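Each of the next two complexes has subunit A plus one more chain, namely subunit B in the first and subunit C in the second.
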Partner chain A sequence: MTQPTTVTADESALVAAFEARIAAGESIEPKDWMPERYRRQLIRMMSQHAHSEIVGMLPEGNWITRAPSLRRKMSLIAKVQDEAGHGLYIYCGTETLGVDRHELVEQLLDGRAKYSSIFNYPTLSWADMGVIGWFVDGAAIVNQTILAKASYGPYARAMVRICKEENFHKRQGYEICATLANGTPAQREMLQDAVNRFWWPSLMMFGPSDTDSPNSAELLKWRVKRKTNDELRQRFINLTVPQAAAIGVTLPDPDLKFNAETNNWDFGEIDWDEFFQVIGGNGPCNRERIAARQQAQDEGEWVRAAATAHASKQHRTVQAA
Partner chain B sequence: MAASVKDSPNDISSNGKDTDGQWSLWEVFTQPGKGAPHEHAGSVHATDAEHALQNARDVYARRGEAVSIWVVPADVIVASAPGDAGPFFDPGNDKAYRHPQFYKVPRGVRVF
Partner chain C sequence: MMVQQTTPEAAVSGVTTAAELNVAGTRGPSFGEPIVEYLLRLGDDRLILGHRLSEWCGHGPILEEDIALANIALDLVGASSMLLGLAGELEGKDRDADALAFFREGVQYRNALIVELPRGDFGFTIMRQFLFDAYSVVTLDALASCGHAGLAAIAAKSLKEDKYHLRHSSEWVVRLGDGTEESHNRVQASLNELWRYTGELFERDTIDEAVAAVGITLDRDALHAKWESIVNDVLQRATLTIPEKTVMASGGRRGRHTEHLGHLLSVMQSVARAHPGATW
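After this line comes the complex of A and B, so read on.
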């Protein structure tokens, strides 16, 4: 699966054939020839995505012990477990490109790998559990529905599996929000506060505007991406505005207004400085998140050691028989 | 007696790990319902067959997606090479007479 990095005449014929397959809507499978850059871009994108699923367990895990009812607690545990599953589906897909999950986890822990900026914000109230399901999983659905048609087969198939589960995530979140919206003034205030804190960071999840996103053109050409960051962000906003109105919360953007010409909701300026600060490691919770992952890795070591010891004992028993 | 293939994929040493120091890779196939064929779902890392089966259940069957699971050591799967797909499948592609459309039926007769 390793390809030479210098472009030869042979290689440019291979690239042409590869691009023709993509243009014809074919999916690329692990053993197919692919340009080294395609492989690298996919490893980068898929591993960031997998890391986001895993780190994404932390802000919500924070509220499992404090869920207001058994029903909410069961849902939240199931949701957080799904996110672990999503991480594993995508790590498994990434491994088909010839990297080890082991290696990817190390890159996350030593800070070389990135993950979604949204998970570096703290979860301060129970309403945050509702708003995360509604906004963050809602944004993930918009993103992942499109990625389910990406050119790389194992990635696309992982997305199909994930999308089926995300609907549960979003609905349980929106249900929490709708319940709080019908609650006491204090509960409504708590909900509005969570909406105010998570709205802009949720819009940033789609990444910088495509004009500032150097990889976009190539990723679109290779169908690693299918829609631009701006298109996806707009779609998310258009879907969310009526949902907010339905439960009587205000989205914290005075510039938000319907544009009858484009059929889109126009919105205000996103604070990209904040985004780059958070991506660069200086968000409110970056250090805490990685420390928690490291702790989980260290404290899980004995479990892995025990499983390995058990397997080798079984192996010896079988051989001795 | 040597261990069966199922318990010991070729590339794992007796400690259940492959050469990179992580648990070996198992491909997972799930059967969505009785009577349906098993389909590839993804893969898991595990120390042995039983462990692979449990991991596969937790990762690929959290909501009744499967009534049966197969796990297979990834390195014992033999696959056709994508580059040879043309010539390899050729014998099946040039025999139009293997398809019902090849045969003429008198006008107005329903054959099926």
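After this line comes the complex of A and C, so read on.
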């Protein structure tokens, strides 16, 4: 099917009505008319989000088998399981826009679709399980609380539900950190090292500064996004600085300083070269992450084929009966 | 379908000689209080199997199975934590569930061999899970009404979860067995490999007899018969065949494990052991 490239008179009336609804704060539902660009933006954002949940299972899954107590082992399994649930839920939400999960997974595996840059960093110690919950789930909450007011109904509703669990993950992660901070010198060192490694990559999760972010303006207009990357990043920093102080952890930024005029914590320069390297496929673990997903996909092929074959046999039996 | 299998007694006597060679004049390492040993067996089965299942996290064939296997792993580790906690309490040596999980050597583990085997492919994991789930359901069902109140309470809670696990693994066994030619062959090969580890689940030894004193009296033959009827029914629907003339493996209940357990524990215990005395 070829799409007309010029906007017809009819369509511009539809766009105007659509934008009026958004301006009035209404939510857009799957059956409503929407501009093709809106639909594509949402598919891009939602699938990126779903892929992040799924790829995000890997760095934390890496420590499930080594969790140092049964309670921690259980809560880590439960957390990674939640992330799988988030991925599934958002894939389903994306399907309401007319793409299927299979197609989205292919885009992830062949590199067309992106996922959060943070998951391309390795998890090197148990403390990373605490710091990821605290920083990464914490950053996700800052993002998603805003997305819960996004204009597309299914996405906004998914965010409300998911955010509750991310809050729980964050509290759990911070609690791991607090326990390590109160622990032995080796545990405290392990914690500080994890903070040093994850702080800057966590700030990069909000994406480039809005002046360099190609999609921001339109996303804001259509209420797909509601705050700029910089606003969200600042909010995250303001929330996190006192939490770090409370457990005696140092954030690795000598320029971090409270600004009484703006009421914000000013911070140092982010290494955007590193960010663009990571999203360009050259982060420390990009290859491993995609290889792991590809391997799961390949090794699962016979299982999915069997499930399909069995279901169609059942279907025939039911019809014959 | 003929079920050919050595009797549990024969399986036990088959390895007693080997154990006697290992430790002069005894049947392997000395046992603690029978009820403690008994709880360790139950707890270790679930800890080690839960651990194996958790290895799938992020690597499953479909997202729904990542979620399901994690959920089952969670239930099993949760049950093990209660069982080991009770074992530690009754032992009275100031060891909690974590001390028992992270600071025992392989030879002190009491799980059946079947749960420590590497996870294999999804078919192997599912077939092992099914054979264990069926065993667990019939066993917990009996333990839920045993005379040991602490154990009965844990069994009753876990039984509810395990019934769901059994339904899940049974459905997959049927799907894979009666799916494609490839899936049938793969899961049949897994069954062939796993079958020799099923005899151990129904062995009976001095520990089983001694716990009668605290109100635990299971009729192993009756449980075995119930287990067989579940297994036969599902395997038949899955168009799978039980291998004939299998010599049963044994030893886990006395700490005589496969080489796989040591590697599993060296991963599982690594952080805890690197920081003895630390709180997590």
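We adopt the following convention: the second predicted complex is superposed on the first by the 316 of 321 C-alpha atoms of A that agree within 3 Å, B and C clash if a C-alpha of one lies under 4 Å from a C-alpha of the other, contacts with A are read in each partner's own complex, and residues count from 1 in each chain.
Convention: contacts are C-beta pairs under 8 Å (C-beta built on N, C-alpha and C of every residue); 3 or more make two chains touch, one makes a residue touch a chain.
Note that the structure is predicted; figures quoted are calculated from it, not measured.
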Looking at the overlay on subunit A, is there a clash between subunit B and subunit C, or do the two fit? fit
Tell me the contact category for A:Lys31 with respect to subunit B and subunit C: first, second, both or neither. first
Angle at the Cα centre of subunit A, taken between the Cα centres of subunit B and subunit C once the superposition is applied, in steps of 10 degrees: 80
Partner chain in contact with A:Leu104 - subunit B first, subunit C second, else both or neither: neither
Once the shared chain is lined up, is A:Gly300 touching subunit B (first), subunit C (second), both, or neither of them? second
Tell me which partner A:Thr184 touches in the superposition: subunit B (first), subunit C (second), both or neither. second
Of the two partner chains, subunit B (first) and subunit C (second), which one does A:Cys285 touch, if any: first, second, both, or neither? neither
Is A:His310 touching anything from subunit B or subunit C once the two structures are fitted on A? First, second, both or neither. both
Partner chain(s) touched by A:Ile64 [first = subunit B, second = subunit C, both, neither]: second
Tell me which partner A:Gly85 touches in the superposition: subunit B (first), subunit C (second), both or neither. both
Once both structures are superposed, the least CA distance from subunit B to subunit C in Å comes to 6
Would you please give the residues of subunit A that touch subunit B in one complex and also touch subunit C in the other complex? 78, 81, 85, 88, 307, 310
Touching residues (chain side subunit C, partner subunit A) in the complex: 47, 51, 54-55, 57-67, 70-71, 73-74, 77-78, 80-81, 84, 97-98, 101-102, 121-123, 174-176, 178-180, 182-183, 186, 267-268, 270-272, 275, 277-280
Mind pulling up the subunit B residues that touch subunit A in the complex? 1-4, 7-8, 14-17, 20-23, 25, 41-45, 47-48, 51, 58-59, 62-63, 79, 81-83
Over in the complex, which subunit A residues touch subunit C? Could you list them? 54, 57-58, 61, 64-74, 77-78, 80-81, 84-85, 87-88, 91, 126, 176, 179, 182-184, 186-187, 292, 295-296, 299-307, 309-310, 313
Quick one: which bits of subunit A touch subunit B in the complex? Just the residue numbers, please. 29, 31-33, 78, 81-82, 85, 88-89, 92-93, 95, 100-102, 157-158, 161, 165, 307-308, 310-312, 314-316, 318-319, 321
